[in-house]
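Scrolling down, you'll hit the structures one after another.
What follows is chain A paired twice: with chain B in the first complex and chain C in the second.
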Partner chain A sequence: MENIKKVILSAVKEAVIEDKKILTVTVEPDKLHLLAKTLRDNAELQFDYLVKLIGMDWGEKLGVIYLLSTSKDLSKEIVLKTGTADRENPLLYSVTDLYETAHYNEREVYALLGIRFINNPDMRRFFLNSDWVGFPLRKDYDANPELNPVSVESVEMVDTAPRIMETADGLVEETVNIFEDDDYIINIGPQHPSTHGVMHFRTALDGEIVKKIDVHSGYIHRGIEKLSENLTYPQILHFTDRLDYLSANINRHALCMCVEKAIEIEVPERAQYIRTIMDELNRIDSHLLAWSAMTNDLGATTAFIYGMREREIILDIFDKTCGGRLIINQNVIGGVMFDIYADFQKDVKSFIPYMRTKLIEYDRFFSHNVIALGRMVGIGNMTKEEAITYAVTGPAGRASGWSCDIRKHQPYSLYNKVEFKEVIRTEGDSYARYLNRLDEIEESLHIIEQLIDNIPAGEIITKPKAIIRIPEGEYFQRIEAAKGEFGVYIDSRGDKTPYRMKFRSPSMALVSVMPLICQGEKISDLIGIGGSMDYVIPDIDR
Partner chain B sequence: MILNYSQPLEFTNLITWLDTALRSSMSEFWVLLIEFVLVAVGLLAAYSVIAMILIYAERKITAFFQARFGPNRVGKYGIWQSVADVIKILLKEIIHINRSDRFLFFAAPFFMIIASMLTFGAIPFGKFLHAVDFNIGVLYVTAVSSLGIIGVLLAGWSSNNKYSMIGAMRSGAQFVSYELSAGFALMTIVVLAGTMQFSEMIEGQRYCWNLFNGHISSMIAFVIYLISGHAETNRGPFDLPEAESELTAGYHTEYSGMQFGFFYLAEYLNMFIIASIATTVFLGGWMPIQIHGLETFNQIMWYIPSYVWFFAKTGVLIFLSLWVRWSFPRLRIDQLLNLEWKYLLPINLVNIVVMVIIVLTGLTLTDLFPGLF
Partner chain C sequence: MELKNINIKGIPTEEFNDNEYLENYIKELEANGVNVVLSKLDEMINWGRSNSIWPLIYATSCCGIEFMSTAAAHHDIARFGMEVTRNSPRQADLMIVAGTMVHKMAPLIKRVYDQMAEPKYVLAMGACAISGGPFVNSYHVINGVDQIIPVDVYVPGCPPRPESLFYGLMQLQRKIKVEQFLGNKQR
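== the complex of A and B ==
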């Protein structure tokens, strides 16, 4: 990392470098793009993966924190910070041309903090309506409901986008049309059976062929990050379950780990075992649902029900362990809330061989069906470079040949003790993503198999203090959720509530790449590709 | 005479009795009028009853495919579920939508239902259980069954909904394509049977079904007919016009209440019609299994009423259709048209020529083994 410092200083002399847990570099707004470009193109360590883009209100300054990582080794991290003191019209430079994933994230920052980004091609607010009054994540936000009354009026969609571009004559504010005048546009969503939630794709069609997709999101935006700022950490835990509800346990694990690291408590061995096993069961559950939903998107209803049948067994195990089926309130700060029940090991051990026979059944029933192959092979191609620049992680990223499993790169819990394969395919099409999930179920079974007989006796929780106060500082935690990399960022000022809480949503990256990979495909394939990406909308609309 | 005694369950007896009874007391005109009305009422009743049975059967069979129970609340094993559904759908409000083409919107379901009803009338359900026995039966059936597409196109157009429109356009392309294959497959058998009349066709299959009589060529025609017939009914894997995961409900998205019910009924009846035509043309229709030289066996077979034979054979084909429907994922529109225009149609055209050669050179089973078949 010493070399990196030299690289940074040679590019931007004024950069302020702090040696924290993660190397942190603060620069002026006009130098940020240059710095990011230098880091991305740095031959030795290419910081080409934008993990998180976090909008911040530091009080006097508004700004953005970038967590960068290298696509080859996800444990190498660097944090960039920039900010502006202009609270009336804050302008920063966009990094969309370097990292495509920044596009939607910058739009989100605009909606929630009011920072506009120069050179972002489409500077609409992402989650909120264009007429929303105030910027929720700012500390001086007025949450008076009268300012933003609930409207029941039907509002016409406006297909124009404002943006600020930098030209030779300075900054130019302009408005661009998203679609051409005579485009045949249909709304896929927000009420549509196959968008897996209230996602809204405005789709321009040329006959059956998709010309362009415009993503509208935010129909169930709940402002979880804002809510978190007024709640204590044990209270915030409940929100994590409601992000990607299909990997509820894994999300919650991430926040627990982040807090545990910050307040420096050790989680008992037994709790680690329980957490890891539950995480993997949760992953199987999520992948099964993804498989089922994808087959249903392709029109095979029976396969859908088969997937649900197996998922039911896992849900029953969850139910018996802690009473929850979808939202499992199992992880708490310091350990787990409930110990496993007497027959837990027996149930899980009988599930493993059963699931294996069912994987063979899936393989026979669907994976080699000639129609299914026609609908998946070579459809929705995503290259490795695209996966990295759009930050598409999880089974979808690995289907494009990108080794991006946090469990391998930054092992947490017990993942350095167990042996498992990272499933990587290089085809990058729907079929590779589909097969990746089935193979990951097998790997998860393998992980559980190694742990289930060795659960040590002992405590299940190290009780933290009654009121948890995190020492001042910034904390990052990354974790491998079922759909990709999930992340937590806490900025604490030493209070019992966080100053700023940010969740990295894997689904947002999955959706952001949809317009690219669906272009030129048939409308039926848009649905099929959506199924193969397996996004969950509440995860995006945090 | 013996046959009459041995077939106590055939409808023939009832029909003959009714006819003589009427004729003894009325003039020719009134007799015919009453009989026409009776036949029409009978057909309509059969139409709805068959649809209800099919809906129940599909739900139950699908449930077993999918490791579920299916309907089991209304009556024992849920047998009254369809009846309850019909009552519900009759009572439901028909939602009027703004900015639609009112007249065409209301007319569309009738096109659907009339087309399938017209076809329904020409099907021989059993011995003498045949409303009209056209001498061009096959031609008539192909002609009227293709009227249904008008309903689909009108529904899609008049709904003023983009999903419906895409669904209707897909349906149009699909129907026109597969109608061709289905027609050619039937023509192949017309070449073999030498007639277009259903009754003669069935009589000709007394000892050897057309499916076996024309061996290779017939088998190919049979498979093609099943595929394209299945496609014509808009059911999976060819359910693109509806494609609920893409187009919500395709061409009938905007329909509600009994208007939707008409589309729904027509879909099931079309499935039945396709299966019954396949039965009649390929599998000997209502004719019981008969073997040359085994007179006692043949007599015993006749004990089973002809309509039971018909419905049994049709049932097997319907089961096949359900099996396919619930196993395969959906095709994409270009794949669907590829299958038809690049594979089925050329095979079909060659197949007709092959059939002509088989018939002309006397290579059919009846020609080769006259004593046996």
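== the complex of A and C ==
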């Protein structure tokens, strides 16, 4: 700890260091880049993983919070803060050259808070149209619908991006072309069955080779973070389910844990068991859907039907437990809403061997199929360094050799009590990501096996107070969702509603790396690579 | 249809009865006799049309996944002749709007709808497509897809179960069956 402080102070003398739960450093905007670079390049500290980039409106100041971690040990964390008092034309410095994942996040901050970043190569708004009036996440945003009426007029796609660059003679505002003049550009999405939602890739092609991809997002931007600011915590829980609906239970678990830690209530042992088992079932469900959708993308419709068949059994278990299939409102603050039903253990225990035989079946009929191999092996390569700088976590990050499982690095719930293997491959191609998912299903089965017989008797919920008020402060919670690291950030001012709520979406990182790994691949493989990344768009757009 | 006594607070059991108002209305209209040839031909065409609806899935969020469950094993939408999901609007009869519609999407859904050939139908699946659902107060969400395109059937739920979707699709089939296809402009 002292060492970190020494490094920080030697780089930036004026830095304000606060000893909170996570070390928090506040600096002036012009020093932030230097500080981040020092922390990243220091051989001992190596803060090379940008977990969250949170745009903030503190009232008197607009700013950004960075949560950094190291790729070797995800439990090490540090928070950097910077801000500017200029509300008319707020400018901060970009860290895109240090952390590639900052690129889209900074564009998101620009769309929602109006902060522009100097040296970001492409400063268009990410979610909203460029003619959107106002910046929604600012506290003084005028939500009058007349300012932004619904228009059904098609808008022309503009392929130029404004940016602000720092040169020897000061700041220069310029406009750059995204594509070259004679590029052949096609639109993939937003309404396209294989983009797994409403993602929009503007793709420049050279014959059938992908030359460049420009990602447009926001076709399902629902403004969850803004809505959360007016709702109480139990009400916000329902939004977490609808972010990444395939890991609905896991996302909800994250917010529950964050609030539970903040108001300091202990979750009963029985609830912990139920939560962990449900999380793992949810993970299997998500991976099965990912597998099915990917095989469908590669043209194997039969495999799709097979995967969905197994998934139905899990959904039936969810259904019997709490009545929900896809979105199960099981986790609540303090525990779980419903106890397990009488035959729960029997059903889950009969599912485990069944799923194992099916995994062998999948392996036999698809994993070694010559056509499938041809479309996966050596396609969409991502190195470990790329995975880290783009913050690609989850099965995709682990397929590039990066050990990034939060369940191992920062165990929560019961994950320190169970024994399981973190599936890591080093090939970094579509096939490695594909195999990783199937192996993770096996690991999840193994975790459930260890827990299912030992569910202790007792309470399922510690009832919190009727009105939950979180003490003033900032709270971070990280969790391993099916697609990667999911995170919750709450800034509370002691009210029953949060001052600012931010969700870290694993899918955003997965999409941000697509332009890189698809470059030079065939257009038909773009779909296959997208399937292997397995992103969920509402999770990105929030 | 025989119904058991369903105990749901606030909804009387009678409400669950199949509503046959469309069929009754048509019977009333046809009481004075109809063209023998055309009406029989109509019936046959509508029987064929209602049992081979090709849907276009305009899926944006969670409801899209429930549609996938509906189409896959276990629920199997092929029983209704609707398994031929078309990705091109030109080949589709029915647009299933599954998910939240936002400002940025509005021009696109309108365009896809306009590209569909007549006769065309729209089914709004889930709370978001009906009214904006949980996101009704958001700055970027459209409060119901019916503000942009006409909707024939609403299927409530968040997300609706596959069974609810089937029920909605059966209502649409029923609507199609009472249409006059020949000799008059549709709808």
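Quick notes on this one:
Rule of thumb we're sticking to: the second predicted complex is superposed on the first by the 542 of 542 C-alpha atoms of A that agree within 3 Å, B and C clash if a C-alpha of one lies under 4 Å from a C-alpha of the other, contacts with A are read in each partner's own complex, and residues count from 1 in each chain.
Just so we're on the same page, a contact is a pair of C-beta atoms (placed from the backbone, for glycine too) under 8 Å apart; a residue touches a chain by one contact, two chains touch by 3 or more.
It should be emphasised that the depicted structure is a prediction, and the values quoted were computed from it without experimental measurement.
In the superposed pair of complexes, A:89 makes contact with neither chain B nor chain C. Look at A:309: by the touch rule set out above, it reaches both chain B and chain C. Using the contact criterion defined above for the overlaid structures, shared-chain residue A:223 touches chain C, although it does not reach chain B.
Shared-chain residue A:167: touches no atom of chain B or chain C.
Contact with both chain B and chain C is seen for A:192 once the two complexes are overlaid on the shared chain.
In the superposed pair of complexes, A:175 makes contact with neither chain B nor chain C.
Between chain B and chain C, C touches the greater number of residues of chain A. When both complexes are overlaid on chain A, the residue A:153 reaches chain C alone and has no touch with chain B.
Shared contact residues on chain A (touching chain B in one structure, chain C in the other): 192-193, 305-306, 309. Interface residues of chain B facing chain A in the complex, by the touch rule stated above, are 62, 65-68, 162-163, 166, 170, 236-237, 239-240, 243-246, 248, 326-335.
Considering their complex, residues 57-62, 64-66, 68-69, 72-74, 85, 87, 99-100, 102-112, 134-135, 137-142, 147-148, 158-159, 161 of chain C touch chain A. Only residues 184, 186, 192-194, 205, 208, 295-303, 305-306, 309, 365-366, 369, 371-372, 374-375, 522-525, 527 of chain A touch chain B when the two sit together in their complex.
Chain A makes touch with chain C in their complex at residues 127-129, 136, 141, 143, 145, 148, 150-155, 190-193, 197-198, 218-224, 226-227, 230, 238-239, 242, 245-246, 289, 292-293, 304-306, 308-309, 311-312, 315, 325-327, 537-538.
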